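Across the two complexes that follow, subunit A remains constant while its partner is subunit B and subsequently subunit C.
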Partner chain A sequence: MSLIKYIVRRFIALLPVLFGVLTLTFVLSRFMPGDPVLAFLGDRFTTEQYNFQLHRLGLDKPIIEQYFIYLGDLFTGQWGVSVSINKGQPVWDLVLDRFTRTFDIAIMAIIISAIVGIKTGIISATNRNKPKDTIFRGMALVGVAIPVFWMGMILRLVFSYYIPLFPGLNYKSPGIGDPPIITNFRVIDSILSGQIYLIIDYLYHLILPVFCLSFISLASVVRQTRSSMLEVLEQDYVRTARAKGCKEEDVINIHARKNAMIPVVTVIGMSFGGLLGGAILTETTFNLNGVGALVMIAIRNTDYWVLNAVVFVITLTFVMVNLGADLIYGLIDPRIRY
Partner chain B sequence: MEHESLKQEPEKKTKSKESDNVIKNILSWVINNIKFLLIPASRLDDLTSREREYEMKISKRKFIRRLKSTLTILGIAIIFFIVTLAVFAPWFSLYSFEHLAGVHTGMWDPPSPEHPLGQTTLGRDILGRIIYGARASLTIALPAISFSLVFGVIFGVIAGFYGGWSESIIMRIMDVFLAFPGLILAMVFIAIWGQHIEYIMIAYGIIGIPYYSRLIRGSVIQARELPYVQAAKVAGASNWRIMFKHILPNCIQPVIISFTFDIGGIILSLAGLSFLGFSDPQLIEWGNDIADARMHLYDAPWGAMWPGIMILITVLGFMLFGDGLRDALDPRLRNL
Partner chain C sequence: MTLTEKKEIIEENRKNQMKSAIKEDSNLLLQVKNLKTYFYTEEGIVKAVDGVSFNIFKNEVLGLVGETGCGKSVTALSILRLVRSPGEIIEGSIEFNNVNLLELSEEEMRSHRGNDITMIFQDPLNSLNPVILAGDQVAEVFLLHQEEELNKIIDVRLLERDKLVQELKELKKEFKENKEQLSETEKEEFKVKIKDLKKKIPKAPNLKDVALEKAEQIIKEVGIADAKQILKRYPHELSGGMRQRIMIAMGLSCTPLLLIADEPTTALDVTIQAQILDLMKNLQKKFDTSILMITHDLGIIAELCDRVAVMYSGNIVEYATAEDLFKNPRHPYTQGLIGAIPSVEKKDTKLTVIRGMVPNLIYPPSGCRFHPRCTERLEICDKIKPRFLEINDRYFIACHLFDPEYKESPKYQWDETESEESYKV
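The block that comes next holds the complex of A and B.
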């Protein structure tokens, strides 16, 4: 019960941030040079058409009034239609279709980097200042120092051009269709419609992007795991466990690891923001046709509505993942009550 | 007339002396602070001179010993290499700056004796461009991060020290900027202001502010209640004096560590921005070159490879150095 109360409280605390992000998007997008009506109409139009569209999009009103109409529309779910990409398509259809792909690679990358990073971090903590430790830390640093888009290009070059193991571009093989849209998540939709081969094809295409994206947060997970493990291994209860004759692996896996995990979970949550930015770059490299391409077109054509929805959905995801991280604390450490 | 001019001369002299003193004061302040940060116990004035000498020797050795890991030295060497490359670019490059920005024949030509690493779409020499690219990355990253450092520290100290409504206003605004996806924020700023190097700097400067203010606010809140701050208050020091002379020097250490790391991070995100086509297209910059080569990845892999390796090396250098610095300065790891 207290958990639900805690979640509700956190949600209420989030509202000002989301409101602030929406306001910031509004302000920034109105400052952008360019005219969404021109993007909508293309090259040939009459003055009447222009004025009609200006009125229809609500851009002829004073800016303050536009702002309040904008806020009102957000609450009633009218987030507007795209004026640049698929003209007239509601932005949510467009953004959700693209964003789920970005989200898929980001979430897979964070899971992989969490698993691998915690394992590596523990190994380098238990072998402190030995060659193994230096090699692991150095490799993690190399991983974070590689520009993710460049790494994607090199992976494409090596593993899909020189050695054709994996597909280099796109998220599905040519000639393969889409599952019926139910939740917009390709994996879930494929399961619901019973087309398992779609999932296999999709995941096969995501191997390289996810591999390259997972390096972004790997180094910070390794570093945090290592330093908090080192701290925990100095504690009295670890010495007690060793003194009473526990096996060394039990000392690490049972006594030490759980207690070292809380700062690691925080770091994983915080690194998700950078991961979403990296996902935009990665999907550009691999032509995954995700939200990155969308937001670039939206900014170039001053498509306020698409930009707004993209920013909102990314912010919401980031904030939700951090809320999830806070909830995981309770699972790790039963002493924490909400 | 003569009389007046005679009168004015001594005044001028004293003025120049004063300005000399100001410069000397600032310099000694900077040096003292660096000493304070790098050499523990360098400010212990109440020690006898022998104790002090001994303490200094020990602590200096300690710091250097802590910094003396293979990885850290590698990082310092890389930073030195990149800075040398940037400063002496005209000496290292086979071609002049104008030549590298011009249009020539030889589209995506493979490596040859004249062009050791090949040529780009417009026939530009890749070796020259990656050497000059070091300039762009460093000249954008350093001012940008200094900008966010200065403003982030000011906001963070004010928020942490005063608390109350000023803290809530500042930190709520910072939260909004933190939650806003950084890459998109940079793209929108560039779209608003135009694709120029100064605007890229300012955009990244603004994006970095919330991280630093968060970082410093936490330690200021802890330091606010410590006895030395209370003592300064009792002695009648003004709030500004307490904030920036008493609290700040004791809280700046995590920021300095983060600073070294973030130079690497900002070079990386700058390259990402250029890759998406949102930086100055005229700029000789590694990210721009990679973006150029993207469409010719399979037929001209050298176009993308070298700029990427340069980014990797540079960022790695700053991160290795930052890692070593943190290990040396972090009090939690000091005794392990």
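The block that comes next holds the complex of A and C.
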């Protein structure tokens, strides 16, 4: 019961955050040079056409009024239509279609970096200052130092061009169709329509981008796991476990790991924000046609509607993932009560 | 006295000594000989335990007293071979039931830990795993060391269960065969019978459940009434006394031969301390366990222990029966310790202070490590390390004052300024 209360409370606390983010994007987007009407009309238009469109888009109203209309529209789900890409397509459809792809690679990257990172971190901690530890730490450091887009390009060059193991571009093979859109998530839609080969094709295309992206958070997960594991291994209860006669592997897997995971979960939750940003770069490098390309076009054409919608969705995702992380604490540590 | 007579006497003595040695040996549980545990830190080698020897007999409570940082806990951890890097046992032998623990493989050592040698730690809150249920933590010990016994229990129960299942089958068969001939009321009776029997059949026992049952028993044993509920609590939901009881339960679950208690009452308040000590006393008698009681509280020693070893700076300086030691402490350090106990009777007298500080274990003082703080210091004390001598029956002491060889050594004259300074430090 208290859990539900906690979630409700967290949602209420989320409102000011969303509100702040939306205000900031509104202000920033209005500071952008450019005119969405011009983007919409193209090169040739009359003053009448211009004024008509200006009125239709509500840009002739006072800025304060525009702000409140914008807020109201966002929360009631009327996200408007795009003025730049696929003119006239509802922004909602557009963003959902593109965002799911970005979300897919971000979520896969976070899962992989969590699994691999925790495993590596524990090995690092239990082999402290031995060759294994040094190698893993060095790799993590290199991973965090390489810019994502550069790494993406190198991966494409090596594993797609020189050694053609994986596709380097796009999210599907040429000539392969799309599943009927139900949830917009390609994997789920493919399952629902029973076309499993679509999933295999999709995942095959995502291998390189996900690998590239997971390096961002992998490094921080490894380091956090290592340090928190080392700390836990010095705790009295670990000594008790040893004094009981536990095997060393049980000491680590049963007695130490759960305790060490709490700060790691925080790091994973927080690095998801960075991952979404990185996903935009990665997906541009691999031409996955995700939200990154969309944002680029929206910014170039001062498409307020698309831009705001993307920021809104990303903010919401980030906050939800962190809420998820907070709920996971409760599962790990019985001392945390909501 | 002729030479032959002399020889005879010597022979006689030797025989007697042998006899007593054999007698003691059969009763000997643990013998620590010249144990040295050093820590290789960046600042230097910390000689935390530097040549400690003592033994524990069956059913005996040995107290190990000393100031903080004198190596008591490291000695205890060395016995269990739980000294962590950078610490290392570099010399000595630890014979437990005539087996040298230091020569065992890690796997063999593991079967001793928590089984016949167990340990209770100082701070019960930090010593219990915060994310594992108390019951599971106690049950783990049974799962680790008594799997065979648990399996035997399971086998017995499975047999009983099979009998009931067989009975049920027969009853059902009978019911089916006679269905047509039975009247309605008889049918009802049959159904009720079958239902009752079904209820009687327990679910198939598994290892963990049986271990938990055993955990419940042992938790009851340590004086917690609602053991069943405690099993499903996390350590932070228990009081300090309860936690220490859980620790003791864990320590006693496999009826160990030796229980090492490392300041088991330090983190508890006084009333709980008394309860825990009483509990340990009773359980020691009940389970026939020897206890190595590590503490800096002489009161606990007086109440609980048969013999006492006083440790100072990595060495045992005095080692005797509790009675002798309290009645007539001989080593100046022990005298200082006992003198520092406040007493209700000696109201107006000043408490004794041992001047100075515990020495640095990286660069320990030369000779007798206590010499910079000793009031009875001889000239020889900072030059030669005192021998560990048996001056009376089972009364060992490491002090030049009692070594006949240095009887002639003059007393050291304390320079006033020097002593002032050592007070300041």
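Please note the rule applied: the second predicted complex is superposed on the first by the 338 of 338 C-alpha atoms of A that agree within 3 Å, B and C clash if a C-alpha of one lies under 4 Å from a C-alpha of the other, contacts with A are read in each partner's own complex, and residues count from 1 in each chain.
By definition in this document, a residue touches a chain if its C-beta (ideal position, glycine included) is under 8 Å from a C-beta of that chain, and two chains touch if they have at least 3 such contacts.
No experiment lies behind these values; they were computed from the predicted model shown.
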Fit or clash between subunit C and subunit B when superposed on subunit A: fit
First, second, both or neither for A:Gly277, with subunit B first and subunit C second: first
Partner chain in contact with A:Pro334 - subunit B first, subunit C second, else both or neither: second
First (subunit B), second (subunit C), both or neither touched by A:Thr315: first
Centroid geometry (CA): angle subunit B/subunit A/subunit C, rounded to a multiple of 10 degrees: 80
Which superposed partner A:Phe75 touches (first subunit B, second subunit C, both, neither): neither
Contacts of A:Leu230 with subunit B and subunit C, given as first, second, both or neither: first
Which of subunit B and subunit C A:Val142 touches, first, second, both or neither: first
Comparing the two partners subunit B and subunit C, which touches a greater set of residues in subunit A: B
Subunit C versus subunit B - closest C-alpha approach in the superposed model, Å: 9
Residue ranges of subunit A touching subunit C (in the complex, touch as defined): 235-237, 239-247, 254-255, 258-259, 332-335
For the subunit C and subunit A complex, residues of the former touching the latter: 80, 82, 110-115, 118-119, 121, 123, 126-132, 140-141, 144-145, 234, 236, 247, 250
Subunit A-facing residues of subunit B, complex: 69-71, 172-173, 175-185, 187-189, 191-192, 264, 268-269, 271-272, 275-277, 287, 290, 294, 297-298, 301, 304-305, 307-308, 311-312, 315-316, 319-320, 323, 332-333, 336
Sites on subunit A touched by subunit B in the complex: 16-18, 20-21, 24-25, 28-29, 31-33, 128, 134, 137-138, 141-142, 144-151, 153-154, 156-157, 161, 219, 223, 227, 230-231, 234, 273-274, 276-278, 280-281, 284-285, 292, 295-296, 299-300, 302, 307, 310-311, 314-315, 318-319
